[in-house]
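Both complexes shown next keep subunit A, but they swap its partner, so subunit B is in the first and subunit C is in the second.
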Partner chain A sequence: MRRRINLGRDPWFGIALVVPLLLWVAATLIYPLLEALRLSFQNVQYLGTAGKYVGLSNYRTILLSKDFQRSAGLTIWWTLLNTAGKILLALVCAFVLNQDYRGKTFVRNWIILPWVFPSIVLATMGKWLLDPTLGLINYILVSLGLIEKGISFLGNTTYALYVVTALNVWRWFPFFTVIFLAALQTIPKQMYEAAQIDGASRVKRLWYIDLPHLLPVIKVSTLIASLWSVNIFDLIWLLTRGGPASSTATLPIYIYIKGFQEFRISQAATAAIVLFVVLAIYGVIYYKRALDIELEG
Partner chain B sequence: MKAVTRLLVVLLVVGILASSAAAANYTLWHMEARPSRVAVIQEVIDKFNAQYPEHQITVEVQSWGDVFVKGIAAIQAGRPPDFMFTIPDLTMNLKLVGGVKPVTEVMEDLLGRYEFFEPAVRPYYFEGEYWGVPLFGQAEVLWYRKDLFEKAGLDPNNPPRTWSELLNACQQLVSSGVVEYPIAVAGDWHLATTQQIYPLMVVNKAEHIFDEEGNVIFDNPRTVQAYEMYYKLFQMSPPGSEAWQWDQPIGAFMEGVVAMVIEKGQYNEQWDLRTTLPPEYLGAAPIPVPDEDGQRGTPYWSNALMLTSNNPQAREVFRLLAEFLHEPENAGHLLTAAPGFFLPVTTEAAQSKTLSENPVVLRHREKYDLMIEESQYGKLYGFTREPFHPYIGRIVAQELLSWTAQRMIHDGLSPEEAVKVGAERMRQAIE
Partner chain C sequence: MKYVKSFFKYLSVILVLMLALGPMYWILVNSFKPTPELVSATPTFWPRTWTLEHYVNLFKQVNFVQYFLNSLWVALIATVISIILGALGAYSIYRCRYPGRNLFFGLFLSIYIFPRVLLLIPLYVTFSKIGLIDTIWTLVIVNVTVVAPFSVWLLRAFFSSVPRELEEAALVDGASRLQVLYKIFLPISAPGLGALGLNSFLLCWTEYMFAAIFILSDANKTLPVGMAYFLEQYFIDWGLLMSSSVLIALPAIIVFAIAGRYFVEGLTAGAVKE
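The block that comes next holds the complex of A and B.
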C-alpha cells in the first residue's frame, strides 16, 4: 500500500520545500547584510580591496556628516510625500472604480498600466514631457498663458523633488488601487442596502462602511508604500542623479554616490546599515502600534 | 569489434587535435555604445580575428556610467576582460586595484614606428611605465553657425578669438534679433558641463588642479576667472540649460536656437545627420583665449587600449592587437566609428586613405584638420604634470568641476566662493 504524505507527521517534506527559499534569502539578504556590517567597521575604499578595523569611526563620520543629515531629512520628506500621494490617490481611484458605470471593466483592466512601465521608459517619458523647450507640459502651460517661458522642472531645485515624486506616485498608485478595490469588493452589499434604507448619505456610507472595512488594508499598504518609497533609487537616478544640487539626493542616492563615485565603500556600507536599522525599528513599531500584532519572543 | 575500436580511436585523436587547434578567446570591453560606433569597432575586430584566426576577440560594450564600478568589480572577482578601451582616469582607478598591466615594450616599439602626438601619450606614462596604448583622441573647439553670423552682421570667416570678442559676438547676435540665445552652455552635474568649463580653464592657464606635491590648487584666481566667464556664457544659454548635457546643446545648435557652442567633434557628423544645410555653414575655431595672458589650448581626452588580463598569452595578443590597430588603414578605419569626432593620435593615421575618404571627414576636412592641430595643445585635468595623483578618479567620478558650477547656478555662490567650496570638496575626495 502506498504511503500518503502527511505534512503534519512528515515535517521533512515541508522543510525541503522551504529550504530553497531560505537559501535564496540567505544569499541575497543575510549575506550582503553581514558583509555590509563587516565593511562598516573597516576603512575599505575600493570595492574588493582590503581594509583595517576602525571601530565606530565610520558611524561617527557618517552621522555627523552634513551631507548625510541633509539626505536623511530629504528622505523623510520624500517618503511622507510619496506615501501620502500613493495611498490617497489609490483610495480615490478605488472608490471611483468600485462604482457601477459603463466601461468600468475596461478602466479596471487598464488602470494598472503605469505600474508595468519599466523605470527607464518612465524616466525617458518624464524627461521628454518636462523638457523646458520641447516638452508637452511646458507647451501647454505657455499656451494657456500660465507661464511666460518653459520651466526646467528637473533642473530647478524648487521643483525637482516634487516632479520626481509625482512621477513615482503615478507609477505606483495603480498597485495600491487594485489592493483597495479588491478589499472594497469584499464588503457585503447588504450593508450598503441597509444603510440606504436607514437614509445614510454617500458620505456617511463611505465613513461608516467603506473606511472601517478598508482600515486594516490601508494600514498594511501604508507600511509597504513607505518602505518602498524610502528605497527608490532607479527613478531618481535616471531622472536627476540626485541633482540638481543634491535636491533629490535621498539616502539610497547618497549611499550609491558615497560607494561608487567617492569610492568610500565602507562609509557607504555604514550609511546603509544606519538606514536598515532605522527602517527595521520603524517597521517593528508600526507593526506593534498600527497593526496591533503581538510579536512573539 | 576491431573496426569499432579503430573508429573510436580515430574519433578520439581527431577530437584531441581539434581541441588543440581551437582558437583562444579573449574579451575586449569598450564604452562607445552608439550603434554606429559599435558596428565599426566590431568590423575592425572582425578584421583582426580574420587575420589571426588562432586568437579570437569578443567585444563587449559597456556604458561609461557603469564601467568605473564594473571594471573594479570584474578585477576583484578575478574575471576582468583581457583588454579595455580606456581614458586616463579610468586607467588610474583600475591601476589602484591592481587591474592594469604595464605595456611599455609594446608602446616603445610603436613609438619607434609611428609619430605619436604627445598629448595622447603623456597621460599613460607614469612610474616609469606605459599603461595604455593611445588609439584615438577627442578635442574641443568653438563651433559656430556661419549663416547666423552673417545674418547678424558678423564676419563668418572671422570668428571670436578672445573672450571679449566672444562676448561681443554674443551681444551682436542677440541685438540683431537673429537669435534670442547666442550660445549653448550645459549646466547639469555631468561631464558635459565639465567640458564647458575646462576649456576656459585651459586657455586661462588654469589647467593644473594639483601642484607637484599632489596638493589641490584648484582655488586660484585663474580658475575663478574661468568660472566667471563660464557663468557669463551660461546666463546667455537657453532656459533649462541647468539640466543640459550633450544632446540638448547639439539640438539647439542644429535648430538655430543658438549660434555657438564649445564642444568636441561630434558636431561634424551631427551637422550632416540633423540639418540639410551645406557644410560651409558650420564653422569651427580655436577656443577663444583671455584678452591678456592666455594660451592656446583645448581639453583633450586620449582614449587608449589597456591590458587588464593576468593571462600571459593575452600579453602577446595585446601586442598583436595594438600593432594591428596602429596600422594606418586600420587606425583610419577605427576613427570612422565617429567620423569627425575621433581624432588620430599619429601622423600616419591622420594621413590614412580610409579616414580621408570617409564622407563626413571629406565634407568637414578643414574643421577636422583644425581639431587635429588643436589636439597638439591638448590638456587633461589631473594629467597635466607628474606625478599624477592616484585618486584623480574620485574627482572625475564625482564630476567636481561641474559640481562647482552647480554651486553658482543653484546655490547662488559667487565664482570665487564656488571655486573655494569645489577645492575643499576635492581635498576631501582625495583624503
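The block that comes next holds the complex of A and C.
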C-alpha cells in the first residue's frame, strides 16, 4: 500500500475532530460508570443520599442472593432463546426471500419494518393479540379447539418468558434477515452454475455453498444479537414488569426494581457493575475471535 | 411442475411477508373500528363500520400533541448533535492518524456491551444536582450518548468507499483540511449521514427507559411514556392505544421511507466484509 503523505500528517487535526465525541462519552458514559462503581462500595439506600464505604459487602450480598442468581440464570436463558430465535428465523427468511421473484428489491427494503417500531407499540400489540378475552391468538386457539378458555399468557409464569421472547424475536428477525440477504447476494453466480452442472441438489447447495459463505456474517450477527438481547429493558418492562413472580425479571429489570422500587441504590449499582464486567469479558473474547476488526492505515 | 414450483416460491415469500407485516395490519385495521366491534368476541378482519373516534379521542382526552412535540424535539435535537459528533469522530478515526486512535475506536464500540440500566442511577443523581431533571434535555443528552458512538461503527462502510485520492488532490490544490472535510468529504458521504440520521431518529423516537425515569411531569412526557400510562390501566382503552400506536409508528415509517434504503445499505455493507 502506498504511503498517504497528506492525510496522515498533522495528528492535531484528527485529535481536534474526535475530542467533542470523546468529551461527551467521558461525561455521560465513563463518569456514570465510575459513579456506579463508587456506589457499589457504599451503602446508599435512596437516590441522592450519602453513604458510608462498606468494602465488598454489597458484592457478597448480591452474588449470594438467591434472587440475583435466579435472575442471572434467567438472563442467560433469555439471551440464548432470543439469539437463537432471531438468527434461525432470519436465516430461514433470508433463504426464502433470496429466491428469484418479482418485487424482490421492494421486499428487501421493507421487510425490516418491524424493527422501526417503538417498544411501546410492540407491547401494545402483544398485549392486544394475547389478551385472554379479546386477543386474536386466544380466539384462534379456542376456535381450533386446542384450548377451552382463553389463557392469560402474559400472566402465566410458564408462558410469559416465551411470549415476550416471541415478540422480541419478531421485532428483530427482519434486521438480521436483511443482513443475511445481503451476504447471500455476494455469492458469485458461477458457484451455483458449477453446482448445477455437477447436479448438486438444493439442499447440498445450501449446505456446501450458502452456509459456509454466510458463516462469518452469522458470527457477527450472533454477537450483536446476544448483546442486544441481554440489555433489553423496555419491552419486558412494558409487557410484564418482570412478573409474574419474577419469571421474566432478567438482570436489567432486576437492577431497575432494586434501584427504583426497593430503593437499594448501592445494591442495584453493584448488580449493574457485575453485569457490565461479565458482558465486557464476553464482548472482548468474542470481538477478538469472531470479528477481528482492524483499522486501516 | 414449473407452475407448482413457482406457486410454492410465491407462497413462501408471502408467508414471510405476512409474518413480518401482518401484525401491523391488525393494529391499523383495529384503530378504525368502533369500540363495540373492537372488543367483540369474534374478531373481524375487515372493519364492518369505519370510525375516526379513537383518533379524535386522542386529541380530546389525551395530551397527545404535547407528547408528540416533546418526542419530536428530543429526536430532532439529539439526531443533529449525533450526526455532528459522530461524523467528525468517525472521520477522525478512519482518516486521520494519531496515537490512541485504536483505543478510541474500541471505546466507541464498547457502547454495544454497556448495560444502559447502569447509566440510570448515576445520571439521575447528576441531572438532579444540575437541575436538568424533568426536562427533555436529559433525554437529548442520554440519547446522544447511546447513538453517537454507534454512528462511528455505522459510518465505516460509507467512509471507506470515499476515495482518498479525492481528498489528497484537493489538499494539493491548496484546500485546508477543514475545507476538504466539509466541502468534499461530507457531501459525498451524504447517504451515510442519512443512514446515521435515520438510526438516531428512530432510537430517540422510541426510547422508553430513560424517559420513564428522568421525566416526572405530564407536560414533559414523550410519546412512549405517555402511551405506557394507558397500557398500565386496569381497564385498557384499546381504541386509544390502537390509534396512538398508528400515530407513533407513522413518523418512524416516514423517516424510514426517506432514508431507509441508505440505512439498509450501510447495515449490510458494515456486516458483510468483502
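Keep this in mind: the second predicted complex is superposed on the first by the 279 of 297 C-alpha atoms of A that agree within 3 Å, B and C clash if a C-alpha of one lies under 4 Å from a C-alpha of the other, contacts with A are read in each partner's own complex, and residues count from 1 in each chain.
The rule we apply is simple: a contact is a pair of C-beta atoms (placed from the backbone, for glycine too) under 8 Å apart; a residue touches a chain by one contact, two chains touch by 3 or more.
Fair warning: this is a prediction, and the values are worked out from it, not measured in the lab.
Engineer: More residues of subunit A are touched by which partner: subunit B or subunit C?
Structural biologist: C
Engineer: Would you check which partner chain A:F260 touches, where first means subunit B only, second means subunit C only, and both and neither mean what they say?
Structural biologist: Both subunit B and subunit C are touched by A:F260.
Engineer: Once chain A of both complexes is superposed, is A:T157 in touch with subunit B (first), subunit C (second), both, or neither?
Structural biologist: Only subunit B; A:T157 stays clear of subunit C.
Engineer: Is A:F13 contacted by the first partner subunit B, the second partner subunit C, both or neither?
Structural biologist: The answer is second: A:F13 touches subunit C but not subunit B.
Engineer: With the two structures laid over each other on chain A, which partner does A:L113 touch: subunit B (first), subunit C (second), both, or neither?
Structural biologist: second
Engineer: After lining up the shared chain so the two structures overlap, which partner does A:Q190 touch, if you call subunit B first and subunit C second: first, second, both or neither?
Structural biologist: neither
Engineer: Touch test for A:G243: subunit B only (first), subunit C only (second), both, or neither?
Structural biologist: First partner only, subunit B.
Engineer: Kindly classify A:L47 by the partners it touches after superposition: subunit B alone (first), subunit C alone (second), both, or neither?
Structural biologist: After superposition on chain A, A:L47 lies in contact with both partners, subunit B and subunit C.
Engineer: Touching A:G283 in the superposition: subunit B (first), subunit C (second), both, neither?
Structural biologist: Only subunit C is touched by A:G283; subunit B is not.
Engineer: Can you give me the overlap between the subunit B contact set and the subunit C contact set on subunit A?
Structural biologist: 47-48, 133-134, 260
Engineer: Could you pull out which subunit C residues touch subunit A in their complex?
Structural biologist: Checking each residue of subunit C against subunit A gives 9-10, 12-13, 15-17, 19-21, 23-24, 26-27, 30, 39, 41-43, 84-86, 88-89, 91-99, 101-102, 104-105, 107-126, 128, 141-142, 144-145, 148-149, 152, 160, 164, 167-168, 171-172, 177-178, 181, 202, 205-209, 213, 223-224, 227-228, 231, 236, 238, 241-242, 245, 248-249, 252-253, 255-256, 260-261, 264, 267-269, 271-274.
Engineer: Would you tell me which residues of subunit A are touching subunit C in their complex?
Structural biologist: Within the complex, subunit A contacts subunit C at residues 4-8, 10-15, 17-18, 20-22, 24-25, 28-29, 31-33, 35-36, 39, 47-48, 93, 96-97, 99, 101, 107-114, 116-121, 123-125, 127-129, 133-134, 136, 139, 170, 173-175, 178-179, 181-183, 186, 216-217, 220-221, 224, 227-228, 230-231, 233-234, 237-238, 251-252, 255-256, 259-260, 265, 268-269, 272-273, 275-276, 279-280, 282-283, 287, 293, 295-297.
Engineer: Could you please specify the touching residues of subunit A with respect to subunit B in the complex?
Structural biologist: By the definition above, subunit A touches subunit B via 46-49, 131-134, 149-152, 154-157, 241, 243-245, 247, 257, 260-263.
Engineer: Spell out the part of subunit B that touches subunit A in their complex, as residue ranges.
Structural biologist: Those in contact with subunit A are residues 68-69, 72-73, 75-77, 93, 96-97, 187-190, 238-244, 248, 251-252, 257, 391, 393-394, 397-398, 406-407, 409-411, 429.
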